[in-house]
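You will see two complexes here that share chain A, one where it goes with chain B and one where it goes with chain C.
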Partner chain A sequence: MTVLQALDIGLAALVLAVAGWTIVAREAFAAVVGYVAYGLLLSLVWVRLFAVDVALTEAAIGSGVTGVLLISAAARLRKTEAPATDERLGAPLRLLAGTVCAVVAAALAAVVLLMPDPGSTLAPEAAQHLAETGLGNPITAVLISYRAFDTMLEKVVLILAVIGVWSLAPDRYWGGAPGPQRVARHEGALAFLAQLLAPLGIVVGVHIFWVGADEPGGAFQGGAILAAMWMIVMMARLVEAPSISALWLRLTLVAGPVVFLAIGVLGFAVASGFLTYPTGFAKPLILFIEAFMTLSIAATLPMLVMGPPSRPPRP
Partner chain B sequence: MSTIADVFTVVAICTGSFFFMAGTVGLLRFPDALTRLHALTKADNLGLGLIVLGLLPQADGMLGALKLIAVWALVQLAGATVAQLIAHALLRKRPPT
Partner chain C sequence: MSTAILAGLTGAALIGLGLYGLITHPHPLRKILAFNLLGSGVFLIFGIIARKGAAAGFAADPVPQAMVITGIVVAFSATALAVALLLRLVQETGRTTLRPDAPAKPPDAGADA
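What follows is the complex of A and B.
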């Protein structure tokens, strides 16, 4: 066994241990912290599998943004947590739930172990047609070209999620702004971090989006970093969240899918059908779509984290 | 020349790992949250600093070296801020007697 193999086995054992701890943890906050650590370890696993794109997404979305979402949910639920944990389910029901989970886990493990080795793959075909898209990163080609429809629907789902969150607003707050209010005096560590990090993070986010055409990166990862920067300046109370009726906010939220859809429909006229790109223009069109996607993701994720509006609209 | 660089890398990374180890022991053994925080930030600060220093001779050109230094600087910034925030939360919860 080489050193690298030993490290891989150690990493896998660590992931399993943290996953188990996340399930066993009694307190919601502790479970969320476990989940974030689990996500970061998982992104190391993806790096070891040479899937850097997936690792970036896992770290940014799976661990980062989802972690923030879950932490704010845990903080909101703290008051009701003690009564909720007291209401324990009966032993038969718990046994049944445990059995069902074990069966599902065993079935998944069996499916993975029974897969042919090497598994059936479309990778050679994807690589073969990469030149036609003008891109250097096959992941981006799969996301925005070969399987463009899936990617577009994913972004629509994100917007639906924001609409869902906003619908939880009480009537008197409808059209108001979510999140904490801005404070005039900025002091403390968080405000310092936000002021220092946000400009850097914006540059990194745009860079990750831009290199996504040829190297690991892309709209989702870049957008998530930009979203994190907006979140941190809102959390440090340097800026306020916009009111949910602001036109610019709503336009930014839908910009990505709208541009995607418009170029997709244009495919009927200038290429061979819906969501196809004319020969030679694939790369600029893909980057154009991705730019708007990045913008929409950077607006969508903070709006999900900030939650429903918590103040009445300004008259 | 490259042998000297390799020796430097090995020594610096081993020293860095030692600081991480010491920080972890401190995190497990220290009696209260503030001292544990102290152990944790020292590990980040010196441990990662030494590991980055050790990796610099092996870096992929100037740009790679700058990226490594940027990683260290960002971790410093995040670590210091998080330590302040956690300490602040602790003090607010339990005022010093």
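What follows is the complex of A and C.
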């Protein structure tokens, strides 16, 4: 057994152990903290699968932003945990559920072991047309060019989620702002961290977006880092979340999909149809779309984490 | 055993664990957490499909990888909506139960919590 193999096995065992902890932990808060660690370990597994783009997304969104969302929810729900425990399933039902889940897992494991190697692949097609897009990163090419329709609809899903979250606001808070209020005096480690980290993080986020054309990275990963920076300054109470009726906020939220759709429709006139790019102009157009998508993601993720407005609008 | 197979088996086990948590935990936040665990297991199985599709000089097929990236973002938006619904439920009723016959607190007690 080589060192790498031993590392792989250790990593898989660690991932499963932490995943098990998030299920068996007594307190929701402890389980959620375990989930953040789990997400980071999982992104190491993605690196070992040579999927660095996925690893970046998992670390930033799957572990980081989801972690912030769940930790703040767990902290707010701490008091309600006790009444829920009296609804626990009885031992026979738990055993039955365990058996069913073990069968599902075993069936999937069998599928994994019986999968043909090499399997079916679209990699040659992706490689063949990569030069036409002018990009070096095939995953960005899949996201913004070959399967652009999926990515555009996904942006729409993000906006629908924001509308869904906002619509949960009580009537008297509609048009107000979510999240904590700004305080005049900043103290403590979080405020210091936010002041130190945010400028660096913004540079890193923009860089990850920009290199995404040729190297691992892109709009999702860069946007998620920018989103994290905005969240940390809001949580440190250095700035307040904007009120949900602010025009600039709404424009930023929809900028990504609107620009994507506009350039997609333009494809009818200047290229060969919806969401196609004219020859020679693919790369600038893709980067143009990605820039607005990065901006939209950086605004959407914090709005989803902050939740519905929690105070009435200012008169 | 190759790295990809090991990751695929890990994914299968994660799906089983997540499903178990989803069924057995009464607390909705734990159900949301377990559902995310299940989802990341599905993504890992996509990862092995990508790795087995290594061709044309790529270490892994880019198409399933792009789908996983899209999936992670969509999973996050669904989680955010679920958490917002749960917090609103607690605000209205003061309880986290999903049972339809649960006694609700008087509406004043839970509001603005």
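Heads up, the rule we're going with is that the second predicted complex is superposed on the first by the 307 of 315 C-alpha atoms of A that agree within 3 Å, B and C clash if a C-alpha of one lies under 4 Å from a C-alpha of the other, contacts with A are read in each partner's own complex, and residues count from 1 in each chain.
The working rule: a contact is a pair of C-beta atoms (placed from the backbone, for glycine too) under 8 Å apart; a residue touches a chain by one contact, two chains touch by 3 or more.
Note that this is a predicted model, so its numbers are computed, not measured.
On the superposed chain A, the two partners chain B and chain C both fit, without a clash.
Of the two partner chains placed by the overlay, only chain B lies in contact with A:197; chain C stays clear of it.
Using the contact criterion defined above for the overlaid structures, shared-chain residue A:262 touches neither chain B nor chain C, since it reaches no partner. Contact with chain C, but none with chain B, is seen for A:127 once the two complexes are overlaid on the shared chain. By the touch criterion defined above, A:141 reaches chain C but does not reach chain B.
Using the contact criterion defined above for the overlaid structures, shared-chain residue A:157 touches chain C, although it does not reach chain B.
Looking at the shared chain after the overlay, A:75 reaches neither chain B nor chain C. Comparing chain B with chain C, more residues of chain A are touched by C. In the superposed three-chain arrangement, the CA centre of chain A forms the vertex of an angle with the CA centres of chain B and chain C, and that angle is 100 degrees when rounded to a multiple of 10.
Remark: least CA distance from chain B to chain C after fitting both complexes onto chain A is 21 Å. Across the complex, chain A meets chain B through its residues 188-190, 192-193, 196-197, 200.
Contacts from chain B toward chain A in the complex involve residues 74, 77-78, 80-81, 84-85, 88. Of all residues in chain A, those touching chain C in their complex are 4-5, 8-9, 12, 15-16, 19-20, 22-23, 28, 31-32, 35, 38-39, 42, 45-46, 48-51, 53-54, 57-58, 61-62, 65-66, 69-70, 73-74, 76-77, 80-81, 83-85, 87-89, 93-94, 97-98, 100-102, 104-106, 108-109, 111-113, 115-124, 126-128, 138-139, 141-143, 146-147, 150-151, 154, 157-158, 160-161, 164-165, 168, 170, 218, 220, 297, 301, 304-305, 307-308.
Chain contact summary for the complex, chain C toward chain A: residues 1, 3-21, 23-27, 29-30, 32-34, 36-37, 40, 43-45, 47-63, 65-70, 72-81, 83-88, 90, 94-97, 99, 111.
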